[in-house]
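Here come two complexes built around subunit A, the first alongside subunit B, the second alongside subunit C.
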Partner chain A sequence: MRLALRPYLLIVPALLLTCGILYPFGLGLYYTLFDFSASKPQPDMVRFENYTTVFTQEAFWNSAWVTVLYAVGAAAVETVLGVAVALLLHRSSLLGRILEKILILPLMIAPVIAAIIWKLMLQPSVGVVNYLLRPFGLGGVQWTDTPTGALLSSIAVDVWVYTPFVAILALAGLRSLPTSPFEAAAVDGAGWWYTFRRLTLPMLWPYVLVAVIFRFMDSLKVFDIIYALTEGGPGDSTVVLQIRAYLEAIRFQRYSFGISYTIVLWAVVYLAAMVLVKHLGKIQRRAAEVT
Partner chain B sequence: MDTHVHDRRRFLALAAGAAAAPLLTACGAGFGGDDSKSDGSAADDVTGSFDWKREQGTTVKALLNKHPYTDALIADLKSFTAKTGIKVEYDVFPEDNYFDKLTVDLSSGRASYDVFMLGAYMVWQYGPPGWLEDLGPWMRNSSATGAEWDQADFFPNLLQAGQWSLRAGAPLGQGGQYALPWGWETNVVAYNTEVFRKLGLKPAESFDELAELAASIKRKAPGAGFDGMYGIAVRGSRSWATIHPGFMTMYARNGLKDFTVDGGKLTPAMNSPEAVAFTEDWARMVKRGGPPSWTSYTWYQCSSDLGAEKAGMLFDADTAAYFQAVKGASPASGKIAFHPGPKGPDGSLATNMWIWSLGMNAKSEKKSAGWLFLQWATGKEHLRKGAITHNHIDPVRKSVADDAAYKDKMRHLPGFLETFETVVDQTKIQFTPQAQFFDATTSWAAALQEIYGGKGAQSVLDGLADDLAGKVG
Partner chain C sequence: MKKRALGWLADAALVLYFVFALFPIAWMVILSLKPADQLFSTYFSFSPTLDGYRTVLGDSEGIPFVRFFVNSLVVSVGAVVLSLVVGLPAAYASARWRFKGSENLMFTLLSFRFAPELTVIIPLFVLYQKLGLFDTYVGMVWVLQLVTLPLIVWIMRSYFADLTPELEQAALLDGYTRKQAFFKVALPLVKPGIAAVSLLAFIFAWNNFVFPLILTSNEAQTVTVGALSFLGGDRPKYNLTAAAALVSVVPPLLLALTIQRYLVRGLSFGAVKS
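Moving on to the complex of A and B:
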């Protein structure tokens, strides 16, 4: 009897953990079926009305578009830069080892603090960025005053904070690659670009894709960097879905409606993760074939 | 083996059912905890003669915003404890997080804090869900309220700012008293006297003059030795706080309304032809004479720019200029003067106010002690001390505003007392009370940013009005 029960007892911690995750999630999902708000503490069941309202709002589509632009932009730049930095650091040298230590610094700063620091640095009249650009005749840039500028500035801060994360993952990947294919390529007289394109990159892809998955998912859920830098402005130009959900649920106290936004965001992140993870499996198999 | 799999599946199904049970139970329990309400006020339980020591030994928990007014309160708390025997525990949060903290706390339905700071606009948000104690019965009960509290001593507009019937569009000054005036701010123009003297300028009496003055300072001040100075500091961040100070003051002086109210129905009016023209003029003034990176400007930046001699003028709360003007506070201290600001076309000096009020949690279990605290904090003795020995300026009580010691303290600031006395009777909440205030004004600030960015004012404000019509109507 004791032996028969053991497998079930072993799964109890995982089961509790799962319940701990699913309970608030399920409760949140349930609340979206009501019109629960500060002005309606005893709400009526409205079924899927919150979702239909979300999807018919121009504000939602604007936020969805901004979120996608932000996530794709940030993840793409961070991937390219991160891999490039990793390739540079891979050549072991004293300078490389020092740079590695420095590289990790932005990751030790809370993103919201990084955004505040950058907000000061990007300030047009007293910020250091315009001060440094002044000799080149570019000292008057109003970084966050235009919709495009605000979005690009937010992406730039994200890139500053998270490129090291991609670089560290890519560097770990580079250091774990087998040496024999590279030695064979060198013997055959293959050039750097050819080796990189046909050997390094295919074998490194699984590591890079893991970094992309993490960064893309995180960027879809961004709140702190944008809120601290632009508060979603100017206009609605940087109101990503998380900010919209926060405004609806906390600032405007339309709880059910705010949660509906987060559920939609969850679905988007979940689907994107599924696609990327499936892709990761394929790439891992392909990388194994190369080695 | 098959049986084992089947058993495991059945076990998991049972476990899932067990996990779902509390979920369903919780859902069945309703939203936001206990909503049972009593018709009677807890104030009715206080009988007998008034006694400051009635709640001796009790501890009251307060939530406070980081502010010089709060510093004055905290510095004097020992007097309250000595007078009542009540201990006050408090948490202080910076303004950026303060209202989120308060909102989340009140909406939880718990009584983590018995008393707290709030503004009149928050009454519109916190009042309808029943989170705020109606202080009217406490004020009317002579057993609970000492005679020296003297309700008639408050400036009437300030007391009315916290009184509302909880009906959208209904005027203030009717219904329950959900907040008590404690400290306030009137929105006026403060300016750097040195740059005005050097450039031969004088304060603007009309809005057109103000816009021209701002542009002129931005153009000429750097040549007069004020490197990088611009004309006028006004708020511009994507927040409700951008609309309520200078913008709403000038908007009201132009006779403009945020909403029209007809039979209890609210219609957005920020897209009327006159409102559109004014909004365009405001955005143009900011573009020609305002701060660089205006869309991120909060009162902190506006205030510090005036103090750092980066801004020639400030159209914002008088306190935002005062804290830069006091001796040694900033490079501009000793050079800041006050003026009521431009008049409207009909000479109006209608001014929007910000009021730091004190309120009580409707769920508090220590209401009697909490009321003694509110009574003391808004009483003559503490407010006089705060105004004279600390920086609790802009008195909510007429007796403090008329006090010779207070006037002596403020007299060294050019124009401060004259400006205060000129606008005090015309300063009130210029917005239409309604629960969607924060949504409306945040969206309004976003619209203002878009117009500043070059979009057509009429189409942007039409879009705003359409959006708001469905929410507040």
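Moving on to the complex of A and C:
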């Protein structure tokens, strides 16, 4: 009896703390059934009206579209670039060993600080990026003042911060691969591209997929980078879902409506996580068969 | 010959990426050392001055940056310590015993990692104002668990799972109690892991922006929000912003370099080991 009870006792404190976080989540869910806002502190029950409003609003679909563009764009570029950097670091001996030590620096800088740094560098007239581009006849790019530019700029900041994340996971993966299949391929005279496509990539895929899942899920809920770089503008070209929720709940103080936005986003992220994690399990089993 | 040329090309590509990765940091150093009147004129030649840092650290401009820095320290350390106290037993229990609800609890914790922060923050914002926790250390430490607890539990669970249970069983045969076996055998063996995870959790707590943005206003505000305030005003003070940004990234950068060996496991929540 004592033995059966022990794990529960050990886990109770964590459970209590978890409830401390789950309680506001439940409270938020409850709030969304009311029209709770600063102008209406004694709210009426509106049931699911907040959600029906969310889904019929053009602003929501715009935000959802921007969020998907951002998440897919950032995760895709980071994956390709990160794997490339890992391959290059793995191949290069001395240079790689030196550079590897500093690979993680951007990743350890708070994303909001990274956005501030890039904001300073991307200023159209006085920023250093346009200064460096001037000799190429590109001195006056309005980086964050056009809709497309703002979205691409914020993705670029995300890429700057998080590419090292993909790279260090892929590098760890590369180092853990068995050497014998590669030796066999070399003996058979297989070319670089063939080896990469038929051996490296399939065996590396589980590692890459972990990175992709983390990056995609995190990008869906991006906030800091956009907040500091564009504040959702110009217009609403970079208003991702968390920014929209922030504007509704905190700026305009429509609490329940803002929370409804985050609940919808939460549900999407949760479903995406379930699908991806399931897929990850399948891929890991398949990779285990290859090696 | 062709192979060698390709090798050079690959190295060149690598260097190019690192220029992209490091230039912004180098540029902040330059910007932070520029005197205010040379900010926009001479780009790479200027007379360096520490005035920017003096202003930022000297509470001028009405922004108490040093206090924000101390606040960041206090709330990050607080969150890490609390998460360790409750997280280590939980991680140990879930690594050693399969029991009803353990997997569910672990996945609930993992789902925090991917939850949109505002889902919890907005209700907390309302709640905190009623309870008097808004803009307090306690309030911030409490909410930063969302960042630090899942990290600590998941990674320490993978460390405990790597230890063979025979070690503790041997200790039990030697007359140790369960508690002693945990404190004298299991815990010392994962000590390097605990140290690394604590520092990583500290970095994550330190770097968080959205919690202090919404749940603090002045008293408990942290550096990530504080650094942003230098951008405000009608005349942007680029050198001060750069100095503030750099000061705020020193702790995470130094800590990251010391725990580099453990980062892969930490960042992937134990999914990738190295």
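By definition in this document, the second predicted complex is superposed on the first by the 272 of 291 C-alpha atoms of A that agree within 3 Å, B and C clash if a C-alpha of one lies under 4 Å from a C-alpha of the other, contacts with A are read in each partner's own complex, and residues count from 1 in each chain.
Convention: a residue touches a chain if its C-beta (ideal position, glycine included) is under 8 Å from a C-beta of that chain, and two chains touch if they have at least 3 such contacts.
Note that the structure is predicted; figures quoted are calculated from it, not measured.
Visitor: With both complexes overlaid on chain A, does A:Leu89 touch subunit B (first), subunit C (second), both or neither?
Guide: second
Visitor: Report for A:Gly73: first if it touches subunit B alone, second if subunit C alone, otherwise both or neither.
Guide: neither
Visitor: Applying the touch criterion given at the start, work out whether A:Val269 contacts subunit B, subunit C, both or neither, answering first, second, both or neither.
Guide: So A:Val269 only meets subunit C here.
Visitor: Once the shared chain is lined up, is A:Pro111 touching subunit B (first), subunit C (second), both, or neither of them?
Guide: The answer is second: A:Pro111 touches subunit C but not subunit B.
Visitor: Specify the partner with more touching residues on subunit A, choosing between subunit B and subunit C.
Guide: When the residues of subunit A touched by each partner are counted, C comes out ahead.
Visitor: Thinking of the overlay built on chain A, is A:Leu27 touched by subunit B (first), by subunit C (second), by both, or by neither?
Guide: A:Leu27 sits against subunit B and subunit C alike.
Visitor: In the superposed arrangement, which partner chain does A:Lys119 touch: subunit B (first), subunit C (second), both, or neither?
Guide: Both partners.
Visitor: Considering only touches as defined above, state whether A:Lys101 meets subunit B (first), subunit C (second), both or neither.
Guide: second
Visitor: So in the superposed three-chain picture, is A:Ile250 touching just subunit B, just subunit C, both, or none of them (first/second/both/neither)?
Guide: both
Visitor: Could you say whether A:Tyr8 touches subunit B, subunit C, both of them, or neither, answering first, second, both or neither?
Guide: both
Visitor: Take the contacts of subunit A with subunit B and those with subunit C, and give the residues found in both.
Guide: Comparing the two interfaces on subunit A, one with subunit B and one with subunit C, the shared residues are 7-8, 15, 18, 22, 27, 31, 119, 126, 250, 255.
Visitor: Can you list the residues on subunit A that touch subunit B in the complex?
Guide: Residues of subunit A touching subunit B: 7-8, 15, 18-19, 22-23, 26-27, 30-31, 34, 36, 38-39, 41-43, 59, 119, 122-126, 140, 142-147, 150, 229-236, 247, 250-253, 255.
Visitor: Using the touch definition up top, name the residues of subunit B that touch subunit A in the complex.
Guide: Residues 8, 11, 15, 19-20, 22-23, 26-27, 30-32, 35, 100, 103-104, 107, 125-126, 128-130, 228, 237-239, 291-296, 310, 435-436, 438-439, 442, 445-447, 449-450, 452-453, 455, 467 of subunit B touch subunit A in their complex.
Visitor: Using the touch definition from the top, list the residues of subunit C that touch subunit A in their complex.
Guide: 10-11, 13-15, 17-18, 20-22, 24-25, 27-28, 31, 39-40, 43, 82-83, 85-87, 89-90, 92-94, 96-97, 99, 102, 105, 108-109, 111-112, 114-120, 122-127, 142-143, 145-146, 149, 153, 178, 203, 206-210, 213-214, 224, 227-228, 231, 238, 241-242, 245, 248-249, 252-253, 255-257, 260, 263-264, 267-268, 271-274
Visitor: Quick one: which bits of subunit A touch subunit C in the complex? Just the residue numbers, please.
Guide: 4, 6-8, 10-11, 13-18, 20-22, 24-25, 27-28, 31, 81, 84-85, 88-89, 91-92, 95-96, 99, 101-114, 116-121, 126, 128, 131, 160, 163-165, 168-169, 172-173, 175-176, 207, 210-211, 214, 217-218, 220-221, 223-224, 227-228, 241-242, 245-246, 249-250, 255, 258-259, 262-263, 265-266, 269-270, 273
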